[in-house]
Amino acid sequence: MKVALFITCYNDTLFPATGKAVVEVLERLGHTVEFPVGQTCCGQMHWNTGYQDEALPLLERFVTQFEHCEAVVIPSSSCVAMMRDHYVLMAEKIGDPQLMERVKTLLPRVWEFSEFLTKKLGLTDVGAYYPHRVTYHASCHGLRSLHLGDGPMLLLRSVKGIDLVEIANLDRCCGFGGTFAVKNADVSSAMLAEKTLAILDTGAETCAGADNSCLMHIQGALHRQRTGVATMHLAEILAGTEETHQCFVHPKAIDGTGVRV
Amino acid sequence: MSEARGAILDRIRAAKGASSTASAAETYAQISRTYLHGGDRDREGIVDLMEERLREYDAGVFRVAHDEAGAIVARLLQARGLSRVLVPAGLPTEWMRGCEFVVDAAFNAGELDSFDGVLTTATVGIAETGTIVLQNAPGQGRRAITLVPDYQMCVLRVDDLVETVVEAMGRLEKTKELATTFFSGPSATADIEMTRIKGVHGPRFVDVLLVS
Amino acid sequence: MSRIPLDPRTAPSFQTAAKVSLQDAQLRKNVKHATEVIQAKRKKLVDEKKDWQELREAGRQIRAHSLAHLEIYLEEFERNFTRAGGVLHWARDAKEAQEIVVRLTKEIGADEVIKIKSMTTEEIQLNRALEAAGVKAYETDLAELIIQLGEDQPSHIVVPALHKNRAQIREIFMREMDLPDLGDTPQDLADAARTFLREKFLRVKTGVSGANFLIAETGGICIVESEGNGRMCLTMPETLIAVVGIEKVIPRFQDLEVMLQILARSATGERMNPYNSIWTGVHEGDGPKAMHVVLLDNARTDVLADGEGRQTLQCIRCAACLNACPVYRQTGGHAYGSVYAGPIGAILTPQMMGMEHAQSLPYASSLCGACYEVCPVKINIPEVLIHLRHKVVERSGWWAPEKVAMKAVAAVFRSEKRFRAAQRLGRMAEAPLVKKEKQVEGLVQLKGSETTTPGWIGWLPGLMGGWTDTRDLQAMPKETFRDWWEKR
């Protein structure tokens, strides 16, 4: 299959390793990846913060960039949730019936990365290897908008060598919430404190997730407190294989306190 | 006042467009009611469930044959040391045994407060929730009599037990305009550190006879 | 005594108020405990109820339908309630409602009333108006009694005093009820409240309440409660005055079969709460001889007029959203600056009490969606929050720093060239803030790419400073994804 990658604005800029990992996994599974270069942002930050007019052009941009694609894969639950929950409403506001048609035709072909593997490809074992203790953080969008369910856990459980530990209160928000993290920084930090505690309680070396937005916020505290615990996108864990004896290591996991092998 | 009435109704219509009785009736009928209506327990199972729920509320529960009811009432009242019990008009006299019974005669608050307890029957019981429903009808009386005394005994016929809330509302449909009270356990509060305390106002002690 | 006034017109922003609440460890402990207990109880009963989702959907439809035909059902209620001996009043706003209630108490010569907990009477600050008119109002709900005697403010819709523990309550009761030897178990405290209130129940001739539901078909009123103080207030007095929001009406008696099932499980985690009272107007020889209902608008029609905000009025005041909310969990209710706190408060207060007074509330949420998941009538609170944020933004001037920044970023996103330029610029701009990490020997390389060991940023200026107060931020890698893609 030819799969188009929508990397997302923040992954492109801050977490390129996640994109590289997605490419690695999809190619290993025998698919071709394309990258429409005109892509920028899905509009979520603007839409969710109340800047609706500013978000509308970004919908059109996304549709134009990707409507020719057989499948679109996005390593970010919140961006996919943005599209599924709001793009039709946004198209209504724009008031262009043709655009609406194009949106409705494209949306069923848009997938979050883990659900592309489990639901579209029907896979749970992608031949990955990651011999570390890992816990999984479920983002609210993944849980409640995309209903990812136990898809990500099934993928992780199939990783060879992994020591997977479940986190307590999986469904409690980490406190990122987009601009909430800054506009209500104190409450966001209070929520993060509990999430950090829950992660440390698992004894995990790595906290995995399907959303670098949450992970960036979580890693912010894990690093500030010098815990040595890393966060990694699910794709990066799935990218490493035993054959190549190489685990896909995310740059932010290296902070001088340890080497990941 | 009618000025406010007109203004508010106008604002409602302006807010969402005027409706009509006919359109309301039509769309009301379209509300999807795919929730469960009946349960799947048999009669015995329903009584068992009712007993289980009542016991969870720490109510005394006694399953009796109808000809034993009077004797059980007497035994229970005497065991609790009650001497003056209030009853509504229309209560079967064969149940009024074991102490002095006084029929409600529009007693005031102070007079109601002087009774040790109250004895009534009920309109319907709901097993799923352990609920007993009283209405202002013969044998049940006005609301104040089951409110002020500290002890409440209810004699409930097993035939008046249903399993679900939906079934109960169906039974109540014909008498829906009567003053109605649903009892599900003794009064309680969780306002203090979420610790459930029983018996704030309303009867603190409840016995239920399930009569077949 | 609450340090934060609960009037949106004077309350500080949520961010400011939250700072204060967050410093109160006892408050946070009490809130966490209380919300966890109710959530656990609710979950157990919801899991056991096989038709829970069907009930929620029916609940949503019944409530939405009632709002869609609101004038029809209010008029039907009026006819039937009046036929049954009730007297109906209409109040356009809080002031008018206060005036009606005060007038009614004057007409019957009442100088004291007993009250059942009613969010609506809190909303219109009725007690203050009564007090000003020389009428003493006794709260009889245990939590409201605690709040009233403690000169405090409610912090939760269903368990208003959850921010208080037993020691704090005991202190209040000892002082206000003159009980120097009061024990400290919850039972002791409840017994003290029972004695204190009982003499009022048996003596005071006027009751004031709200209502959970108005039944159009019969002209009936339904009040749902746990303690029995409700039954006392609506059975024992000679006159009962109920202040009820216009949105509380439901079409038929039968609809209670849904509402009662979803309300009890959601509000207190019970299959059915201890007492439900349903009565119709005036009943001969049973209950008050005079029954008044004051229907209250108070901007509800404004909410009704907003197509995207209207679903807010579906609320049946169960407070399940408060219990589920991870933000409320940290701050408690006072931080919301309104008698309506938590997720429902964040959407109800700005819409009903004026957006200009509550601009921070729509942002008091991480949009996690837990509230929507538990709402028994399926109010999509996150969607309404986003809608209200848009309204807040529309009101702000073009010069607002955040708006300037957001517009600039939007312009960047509209062009791939500008986006790439902005990425390069960002990397340059942050460079002075980055604390470089030492390169580590023997590091495993990233497959197919140069080593990137971004440093960390521990401090950011301006709007972004909130992040770095408690979190580090990884610096931008030297190469973006699209840079890498181009090279491969």
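The letters A, B and C name the chains in turn, as written, and every chain counts its residues from 1.
To be clear about the criterion, contacts are C-beta pairs under 8 Å (C-beta built on N, C-alpha and C of every residue); 3 or more make two chains touch, one makes a residue touch a chain.
These numbers were taken from a predicted model, which means no experiment stands behind them.
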* Select the chain whose centre, defined as the mean of its C-alpha atoms, is least distant from the mean of all protein C-alpha atoms. => C
* Structure fact -> In terms of CA centroids, furthest away from subunit B sits chain A
* To do: Find the geometric centre of each of subunit A and subunit C from their Cα atoms only, then give the gap between the two centres in Å, rounded to an integer.
  => 32
* Asked: How many angstrom between the C-alpha centroids of subunit B and subunit A?
  -> 53
* Asked: Among the residues of subunit C, which are close enough to touch at least two other chains?
  -> none
* Structure fact -> Each of the following residues of subunit B touches two or more other chains, namely none
* **Complex interface listing, subunit A residues touching subunit C** => 7, 9, 11-14, 16-17, 19-20, 24, 35, 37-41, 43, 45-52, 54-55, 57-58, 61, 85, 140-141, 144-145, 171-173, 175-192, 216-217, 219-221, 223-224, 239, 244, 246-249, 251-252, 254-256, 259-261
* To do: Sort out for me which residues of subunit C touch subunit B in the complex.
  => 30, 33-34, 37-38, 50-51, 54-55, 57-58, 61-62, 65, 67-75, 84, 89-92, 96, 100, 140-143, 146, 159-162, 165-166, 169, 186-187, 189-190, 193-194, 197-198, 201-203, 218, 220, 226-229, 231-232, 235-236, 246, 251-254, 256-258, 260-261, 264, 268, 270-280, 283, 285-287, 295, 297, 301-302, 304-305, 310
* To do: Provide the residue numbers of subunit C that touch subunit A in the complex, in ascending order.
  => 14-15, 18-19, 22, 326-327, 329-331, 362-370, 372-373, 383, 386, 388-394, 403, 406-407, 409-410, 412-416, 419, 423, 426, 437-438, 440, 442-444, 446-449, 452-454, 456, 458, 463-464, 466-467, 469-474, 476-477, 479-485
* Structure fact -> Touching subunit C in the complex, subunit B uses residues 1-2, 4-5, 7-9, 11-16, 18-21, 23-24, 27-28, 31-36, 53, 106, 109-110, 113, 126, 128-131, 136, 142-144, 147-148, 165-166, 168-170, 172-173, 176-195, 197, 199-202
